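For reference, chains read A, B, C, D and E in written order, and residue numbers begin at 1 within each chain.
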């Protein structure tokens, strides 16, 4: 029967997650016995701080801010990056001009983007979005480009043989063919975006997890610092869950490999 | 005060073996890092029977390493954070002696209409919120009757403070040294003066801010090193204050800044060099702790024995 | 050559680059196909049959000479032939993320046929090819032969004026192949579709085509067999075999004969 | 003829790079007229500072340190990440357990890794390597996993039909099949590694571009700050060039698509 | 059934899951092949021929029943058959990153044959199949037929004791196919290789096999034609055709007949 099987798989991966978390918690708790309590607070202190983040509206708002910043910027980066990547995949000429620019962007650390953001923009949210965009667009664009170039030539010729217009070629062949690559670059960039959002939030923002995290570190409140970090991990899990749902839906056509 | 320079090699000490010592400190161009190049350049460590290796660290690392005891001695110890906060968390930290008193300001463009802290109301202020310098500034804001909730405060990483001001994104910036001197050397900016309020309201002259702190274990284990450390820093502080040009160029070289700016900064006294044993200024120290309690930076009054008394 | 004919190849040559060396796939290829005519092209493997079709489709540009399809240059006037030319490839080329039915609708979607009509047409084709119960199966769930049938349906669904079939039946079992072949020929004749079959099966060529071109290597017409002028299919097959032997003997450049 | 064609392509991409750089330089120079000189130094000041980095041994050493740190850590992350990714691709069970852990690692910002690095390690180089590893391993592992799952089942069955051993299956089919994915994740991770190396170098290291960059920013020497940033970009270009050379070599078998 | 025979299928059934529904690909399949015997399996498209071969190869596990190859269970004792069983698939499955020569060496490499010997064997096979000048060409630079020949060489190069050919010749032109077929049959007979041809070409089955199994749908033996007992190939072909008609008539589950 099919339903139990799908259920069984989902159950297995859920229980794996729980087991992972338990494992990490145990390792942490054990390590606290060997480390001074100032830098390695116990699980209960961390747990309390984490709970606070979710129940106190004053704290929760920071998490919401950061989540939204990540989401909106990432969607923007996705649209821009995918468009650029598709164009690069479609034209050697464009690719030659874009690749160095994207590589250049990749080489610039967030520390430097921060200064440029301050110089060029006044609006806090714009600055944060700018920094996240600068860091995540190259990844989207380069991966999409490489995926487009990996699409089976047979399928492209098929579309050409049927005289599909350029738009149709993209919509009916290229985009569906690169969906797996797009999904995997989303998971990569999600991490990137969260990481850089935290740094970006150090300029101008008095909201957001980045600010709270730095604050907690500055006043040596390690339990809070770890709790804020975990709250980011939870945000990532949440988004990752959405990505996996979309993956299950869009990649349902993939044959299930029996073994590799 | 022109203190006579100590001869570089005192015969008595030169014969005994130098005590090797690692001193973590904040990295240049931070205030706590100013004496380091001078000590090494002029040999003040060897002159006191010490062979010091300075370990510059970023603030966050410096704090964690010190708080966890990974480094038992702190060469840029902040009274409020490294002593007050860490003690609050149950570690036994001793503030040995003070080196610099507090100095902080709000810099505004020369032509700005802002003359006092109260004028900041309704304006945009850039500041590095998670620093002790800003924490103490909050106390001054309170003293001068400025309600910070009426100011649009923008948290800014310390490296972006000056770009924020220079590119005209804010009306003022909460700063310390040497950042302020560098800013002033590159444009028309002036500092709001509010340090005087301290003396008026607390009736104490000193305003302890940063110096040398250590874990209790280290203090117990190395009583003989503590006076030598004090002497070493005292000589460095004297040298810096008495020979601003030479000290300025040593510091400038170590921090890749302009020697003239550094020399001017030393002459301005804004570095606040003020050396005393922690126990010698209990009233001032307690006033500082009280201020921190008042603004909610500390939750409890640290025990009196966190302050080290002058060894006899 | 008459430029009004739906397909004409004039002195066409095609060079590929293989490992930095030039490789001649077609040399001085000349032929044409009349309106509503059904021809077959046979030739040993690697002789350039598929390459000729790629040029006919406008997917490759001739290195020399001129290709005309329905009065257009298929490479340069690419869009002019939309919906006019159909092809069934040697491999199925089903899009793995589309079900059988969605794959059949591919060409119709390119032509912007409304969804409901598209579905109906695909359903008809699935039924005609005995695949109704596999409408929602993905390609990897179908056997090789079933996949090829879906590919055939995909092409016929757009009812092209010129139809190419590049070894379209080689993956089908004999009975299914002949049933589909008959079906297809009926359709082709009803609608007077100009059709080119590429095949390596001599009986198949003799059965389906009114005229058979035997290709030599590199791609060129070595012999033309006019099936209508001959008394029987068997005679045509014999003629074609003679042509293939000639081509084999002539092909000096490539030493293909097994030792 | 083939040689001129290859040469022509290389020439075109070289000239594109030069044109890109000229374009950026012009845009920058123009923008300096609208910004105060303290924050927007002219091209000549930046050029001089950049030259200094390469000719002064005292400065060059920082660039060399950072480059080596990035290279060594990235190689380590590659080996670990690829091994984990291959195992994930080969076992649903292992994948279920690893994916949450890798996602968790992705959600932890460098700011927090720094704290953990400080708690757990004392050696500066170890701390830096640890942080770079933590940030880059998940990307390698997740991408390799997704690439392995995308390998054509036909090829895997082929290897099975020939009774290739597990090792042979990896060496002869899976690894060659995922080379394109590996190359593209290298280019992504190169940027990540450089970015995070700069942050990691703020902890305890007095060598490295990160330290110099922060220093330059702190004393408001914008020309130097930008020059250090550019030096990182050059390091990235250098490594990217090596990756492209390897790509040209390993992917020579790929058909050149005529148009997409 | 005699368990000493190199290949035996005993009451084998195989179920797939298609869109969350069970699909029966083989039902109660029984047959065996004797040492050195050459048999052919014919059957209409989708009847489970390839599925039976996947079970024989140990790539799929039977849902019920038992498959034995050279005394082993091919699924459970997977490694025991290394180098013993060879297959030519329906599609070429050439690794795109290997040249023709390197692709031929694939199986030899699995068997850890030294490099020099591997090269020599590949060279011999390239020559035998008339592909010497394409030794260093990548698959995408070869025509469909040339690719299939490389795939054939890859399998024969390991000289397996049991050989499967799943429509191995369907992509070849008639002449090349018959030349290779003759060559292959010679080899198979010389070395007394136990061989199973899967084909949809009735003449091919009649020509190559000593015995022909006609498969019905879902996979099962509907008729067995013993070619040696019959007077001519033509008679065998006629018998096979009768079997196929029977199978067609019987297959109720799937409505495959074109309308």
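Here is the rule we use: a residue touches a chain if its C-beta (ideal position, glycine included) is under 8 Å from a C-beta of that chain, and two chains touch if they have at least 3 such contacts.
What you see is a predicted model, and the numbers here were worked out from it, not measured in a lab.
Separation of chain B from chain E in touch steps, taking the shortest path, is 2.
Of the two chain pairs examined here, A-B and D-E, it is A-B that is joined by more C-beta pairs in contact.
If you average the Cα atoms of chain B and of chain D, the two centres end up 39 Å apart. Centre-to-centre separation between chain C and chain D, using Cα means, comes to 48 Å.
With centres set at the average Cα position, the gap from chain C to chain E is 27 Å.
Those residues of chain E in touch with two or more other chains are numbered 91, 140.
Contact of a single residue of chain D with at least two other chains is seen at positions 35, 39, 115, 118-119, 153, 214, 217, 222, 255. Looking at chain B, one finds that residues 60, 64, 68, 159-160, 163, 167 touch two or more other chains. Contact residues of chain C toward chain E in the complex are 16, 18-19, 42-46, 50, 90-91, 127-130, 132-133, 136-137, 141-146, 149, 167, 170-177, 179-180, 183, 200-202, 244, 248, 254-259. Residues 9, 12-13, 16-17, 19-21, 24, 35, 39-40, 89-93, 96-97, 99-101, 103-112, 115, 119, 135, 138-139, 142-143, 146, 148-151, 153, 156, 169, 174, 180, 183-184, 187-188, 190-192, 194-195, 198-199, 210, 213-214, 217, 222, 225-226, 229, 232-237, 240, 254-255, 257, 259-260 of chain A touch chain D in their complex. Those residues of chain E that touch chain D in the complex are listed here as 54, 57-59, 78-79, 81-83, 85, 87, 89, 91, 93, 95-99, 106-107, 109-110, 138, 140, 158. Those residues of chain B lying in contact with chain A across their complex are 59-60, 63-64, 67-69, 81, 85-86, 89-91, 126, 129-131, 153-157, 159-160, 163-164, 167, 169, 297.
The touching residues of chain D, when paired with chain B in their complex, are 35-36, 38-39, 114-115, 118-119, 122, 202-204, 206, 211, 214-222, 224.
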